[in-house]
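Per-chain numbering from 1; labels A, B, C, D and E assigned in written order.
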Amino acid sequence: MQRIGVFVCHCGSNIAATVDVKKVAEMALMEPGVVHAEDYQYMCSEAGQARIQEAIKEKNLTGIVVCSCSPRMHENTFRKAVERAGLNPYMVEVANIREHCSWIHKDIEEATKKAVILMRAAVAKVNLNTPLKPGESRVTKRALVIGGGIAGIQTALDIADAGYKVDIVEKTPSIGGRMSQVDKTFPTLDCSACILTPKMVEANAHENITIYTYSEVENVSGFVGDFTVDIRKKARSVDMTKCTGCGVCQEKCPSKKTPSEFNRGLNNRSAIYTPFAQAIPNVPVIDREACIKFKTGKCGLCSKVCQAGAIDYDQKDEIITEKYGAIVVATGFDMIKLDKYDEYAYSQSKDVITSLELERIMNAAGPTKGHLERMSDGKPPKEMVFIQCVGSRCSDDRGKSYCSKICCMYTAKHAMLIRDKYPDVNVTVFYIDVRTPGKNFDEFYRRAVEDYGVNYIKGQVGKVIPQSNGKLLVRGVDLIDQKQIVKEADMVVLAAAIEPNPDVRKIATMLTASIDTNNFLTEAHAKLRPVESPTAGIFLSGVCQGPKDIPETVSQAGAAAVKAIGLLAKDKLMTNPCTAHSDELLCNGCSNCANVCPYGAISYEDKEVNDHGKREVRRIAQVNSALCQGCGACTVTCPSGAMDLQGFSNRQILAEVDAICR
Amino acid sequence: MSTEKKQAEQIKEISGVNPLKCMKCGKCSASCPSYNEMDIKPHQFVSYVQNEDIESLVNSKSLWKCLSCFACVERCPRDVKPGKLIDAARQIVVRQKGQDYLLADEIPELLDPDVPQQLLVSAFRRYRR
Amino acid sequence: MYKIAKENLPALFQRIAEGQDLILPISNGGQVNYGVWTEDADVDIETLKSVKSPKDAFFPQSENLYTCVREGKKLQITPEELQQKDFVVFGMKACDIQGVEVLDKVFLSEPVDTFYAARRQHGTIVAMACHEPEETCFCKVFGIDAAEPKADVATWLIDGELCWKPLTEKGETLTKAVADLLSDDAAADAKVENEKSAIRAIIDKLPYSDLSLEGWNGDALTEKFNSPVWEELYKPCLACGTCTFVCPTCQCYDIKDYDTGHGVQRYRCWDSCMYSDFTMMAHGNNRNSQMQRFRQRFMHKLVYFPANNDGMYSCVGCGRCVEKCPSALNIVKVIKAFQNQGGENA
Amino acid sequence: MQELIARAKELLANGTVARVLGWKAGDLPYNPEPAYFEKEEDFKDFVYNGFCGANLSKYMIEATKLEGKTLVCLKPCDTYSFNQLIMEHRVDREKAYIIGVGCKGKLDIEKIKKQGIKGIQSISGAEITDDAETLTINTLYGDKTIPYADGMLERCHVCKGKEHKIYDEIIGESKDTKDADRFDEVSRIESMKPEEKFAFFQKELSKCIRCNACRNACPACSCRKCVFDSNKFDSSQKANVDSFEEKMFHIIRAFHVAGRCTDCGECSRVCPQGIPLHLFNRKFIKDIDEFYGEFQAGEDITVKGPLTSFTFEDVEPSVVAERG
Amino acid sequence: MSIEANEEFRPKIVAFCCNWCSYAGADLAGSSRLAYPADVKIIRVPCSCRVNPMFILRAFEKGADGVIMCGCHPGDCHYSTGNYYARRRMTLLFSMLDYIGVENGRTRVEWVSAAEGVKFSTTMNEFVEKIHSLGKNVRLGDLRCRN
């Protein structure tokens, strides 16, 4: 029989105002095993913890129940407190009488009754608790960064600088990501490539960084400190060790009809290509879908012109298996598809473009060599209309419910750059709100209005109608002047919402990291742990966690790196002791548990058991407690009840059920 | 409950619209083909309901200028559907008038051979409820 | 000898059930078992054997012993009340009545089982002769006369009439209570005599009636216990409890506690020596193979029990286990197996 | 039967197998028992007829632990159970020599007796070799004849087919005796009102005596120690104290074999109280078929069971309420 | 302690919540002060796949009037696949309970994320209301537990 102490917290008035804490303590003394009960202002305070420790010593307590806030809040605090008093930390159970009781009920009598029942359930459980000891697992001192955009590059650089090996896996042929597609950055208007390229080069040259481009994560197993990852290095068809990056193959390639991904399909690229001039590595890949050699077997021109002999049509996908201690996700974003926004005529007119397409048009290396012109006829525009919040802040299923955060600022940037370079172009921006929280952001927006004469209209556009004269009829509203505006424009730029990279779902599943309804990766705590995933050892960098601009991304990337470094710096990790274990006398060896284990933690061995004097070799399930994460799937699938979960055993849960129902 | 509040609740109930979801972007007004004819603009309908000023709505010209084309309903990013509010306000008027609304029997007398079928249906939709 | 027409039996049952419980064979979901009579019960006195024996009437499968209610740290203990109300068991066959006598040996010897004793005291048994004995019956082997059951009242169901003969004081009392429904008929005696001889004639023809119990007694203990025959015999046994739960003489029980949330209800329930946790103790089980448990059942019935009860076997030849064993094992096969074995060895 | 005996003796003699698991004639015309035969002379009692209903797969759990191979006679439906046991590593295929024996439907003595037949002395027509369509029963109270099909076990009326799913050789012809849909009764119950359903099962389960025959005969209930026998769940055993316990026992029993139950029908065959226990198992089978696609346990040992697999698009539990 | 006829029916409701999503959702409902009846008592389990049908039957046995299980949304399981198994298990169990005549509103599964405090609270309100409409659980309880 345990000797249990029950400690009821007032939480100031958070609990005590609705729950009669004295009554709860008094009722606790009636429960079997309870030898001590008291209430106190703040159990989590120094003084509160000291009271628990004193009681443990004075009354030889073997089990502790704290009736307080959610165990998600202070379970650890109390575990540590009892450990200092010499008790096993897993002999503590928390009855959640704040979030689950005092905060949601008004009637004191009712709330007190419920608090008593919750206390009883915790006492019933702790009666069956057993001391648990965490195991230890080693930490592989290498990190994986998934995604080679600015977020991934920054994280990798910071980890590498701290002295740990880092691998970057990038899906496209070059690192650089979205930032490499951007022309200028707000609010300083520096050239994006000018600040990104040095970082790309630094990453490429760093002795601690290995970059796998044109590669994807194929499989992840293991757990914090000891992940095993399979990386598929797709066949580039070009030998990276031989290629000099001269570019002749791309010039000579006869297949030049593939829309350029980098230029958002505004122009075409060859079948053998590097996405952009500053690509790292500066080694082209052959797009086998487009390549004539691969389609027909004839051609082979690139191979003939390559002096280095780097073209290798027989190259195969390669699987690299590597161990990592920490994984950082930096998978970034894409613009949403606009096919559901037919009213803006995006699919009907080439002159309705997205902001990212405008970036490419404005860029000197872009499809128009940096000249602002209409994609339909190459003529310079005179009237430009920008439409904000296309697909952002939508509560229907066409768009996203969130604010994409970056559009207000980049639209101001675009408007300003256009007015600066082409003063005769009229720029109108239809907006709902202009959101400029950020250092020098509002000043930047005001400059666009005040110094550059950008016409901001509060109101939304209802429809864009392509005219037979090639112009676009824009029908919007000015909510301030209370009038409908019908305007002819030469180009319309849509600030399309951004969304997480669609691949992130697959990656999240592999990592067992949770994801929200918008496909953004969930952070462990919205305020206090914003760069960690709830899954241990997985960190979040950049837009995969939520919309961000470049400086925010870079600072989050650094934060994720610090968290990863903090993990890699440890030699050993304590593992969760709440793992499954099988009772060898009950186990049938039927394999049902192994079939449902998501971690491959269960194996079988032929073992001699002594079943009440009867010795027999039996096939018995064995749980690798370093791999087991304690979900309990196996415990339910086991028909004989041989599999049980420490800390949440069948009998413990049944005891709680009984206590609640009695 | 005051009459105003009651009416506002009634409109919300009939239309199934929650005016609090409106983010005042004006896309409804931008989309409206009758905008210039209206004294109370589509986006204002929402705030009138919010402010429980149903009297003004009921007496507005707009109520009968709306073509029920539902462009605003289709395009509203917040699923607020101003068109449905207008429809609901009409319903209130009809209910106030009691039985004094267009009946199917009356149509032949009113019927002009040149009236397109569509108009008839739309008129019926507007005045029959 | 009294008699009553078969169609008047419902009235008789109604009368008996006034002021006391009447337990008799009732058909439910296609199976006949003894149960408490109610007006809408589907009484079936034609079927020879109920699935379970009627021993429940005196020794229920499960019964409460006492109840503890906990309030705070105080416990209140309420013992279960003993049977106080009279009851009648109607339709018991000669073998089942012998079964009760076996139970008497166990529960009425010191220390007396008060729960059982109270039920015996308050129960009146109305027996019925076996009109058409079946091939699984072997009561004759144990000296039981299915044609003339010994009870408080004996009855015979002949040609649509139930002949009724009180045999004890309890029987006389019951007869008096229902006298107006019965008619006295001297001619019935002859009919009953005819019926008895017809029954006995059939019994003589039954395949098991010539079964020999030679060698089954207390003296045979060591020899039987150590016989290699058990090792072969038990193999088809699935270790279910069917044979023990349908048996009129199996008397082993287990005592268990049920957590009611407010305290504990202590009850006893039939146990089966076929179960792996039979007589399980803290150190484990002293019969930890199915062979040992299987042997226990038959050794108990045919060796240990007669050794302690003046030669009385604790099998009555009702044949229920013969009918119900899922593996077609039964006590007859066991007895025969030893005979064959003996023959071969000799 | 003679061919079977001859082949069994041959395999025993040439050392292929160490023992034969079959049936031994009983002392009544209808009660043969599962038995091992190790010597040639044992075969004088060997029998295989319409009353050999037991599914010997269950016995193979212990038999394949013995030294040497065991020859086992399996009927077509028994082979599903054997496959399932292979999947769960409960039998050792290497130590089994499977003779697929012919089957033309097995007989239910309870069902025969229910037809007013008692005092049985002999039965003809139950031998597997002849094609008799009728059973002739000689009793102390006169001779009776009934059509063979009227004496058949419920499970044989919904026969899974005459194909053996696993065997080393086949001896004897089998016949598909299916003449009813196995889900008819389940559907009938499903269409009842809740209170009718409850009354139906209450009535049936009230007969339960907790003898555990259903569990112990079941080849899927092969746990070394059942949860109802261990103290892990504080689930009491062998007491029929309260109606709840029977429900708990039978629901959990069926749940534990859901997706693993081959619908061999042993549970219903062995129940001394004639409770149609297969109605629980078949409900799960019917639901699994409807929700997750047709699945027959024991048919293909490479397919994962429906409760140890899933798809992303599985129906939500609310489907139960929505179905009405 | 017999229940008097006029005494208001207070259902006993057991809610199994997974630690990562639904328990946190319940916490959020609490910190957002989103009330639901005190009849609901939550048991924390690591994952919905830890919920054994035995637990649910046991709750009914001991007098619960309703049992609800909450887990992460399919696809969001902290253990990646646990709730998919739970979904199958509960579908089959609920179907069986329905089959033996237990009112199917007494059991429910709801996927509640850590961010869905509102959903947790409305779900619980709805569920309690449903149990009120069904009344006391008389079909599955063990009589010995009633007093």
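Assume contacts are C-beta pairs under 8 Å (C-beta built on N, C-alpha and C of every residue); 3 or more make two chains touch, one makes a residue touch a chain.
All figures in this text were calculated on a predicted structure; none of them were measured in a lab.
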Topological distance between chain A and chain E, in contact steps: 1
Chain labels contacting chain D and also chain E: A, C
Most centrally placed chain, judged by C-alpha centres: E
Farthest-lying chain, centroid of Cα atoms versus that of chain B: C
Whole-Å separation of chain centres (CA-atom averages), chain B against chain D: 70
Averaged-CA centre spacing for the pair chain E and chain C, given as whole angstrom: 46
Whole-Å gap separating chain C and chain D, where each centre is the average of the chain's CA atoms: 30
Residues of chain C touching at least two other chains: 258-262
Touching two or more other chains - residues of chain D: 225, 227, 233-234, 241, 307-308
Residue numbers of chain E (touch at least two other chains): 53-54, 58, 62-63, 75, 81, 85, 89, 144-145
Chains that touch, pairwise: A-B, A-C, A-D, A-E, C-D, C-E, D-E
Touching residues (chain side chain D, partner chain A) in the complex: 87-90, 221-227, 230, 232-234, 256-257, 304-305, 307-309
Parts of chain C lying in touch with chain D, wherever the complex brings them together: 28-31, 33, 48, 51-52, 61-62, 132-136, 202, 205-208, 232, 235-236, 238-242, 244-246, 254, 256, 258-259, 267, 269-272, 275-277, 322, 324, 326-330, 332-333, 336
Of chain B, residues touching chain A in the complex: 21, 23-32, 35-36, 41, 43, 71, 75-79
In the complex, chain C residues that touch chain A: 72-73, 259-262, 284-285, 288-289
Complex contacts: residues of chain A adjacent to chain B: 343, 389, 393-396, 398-399, 432, 458-463, 475-477, 479, 482, 484-485
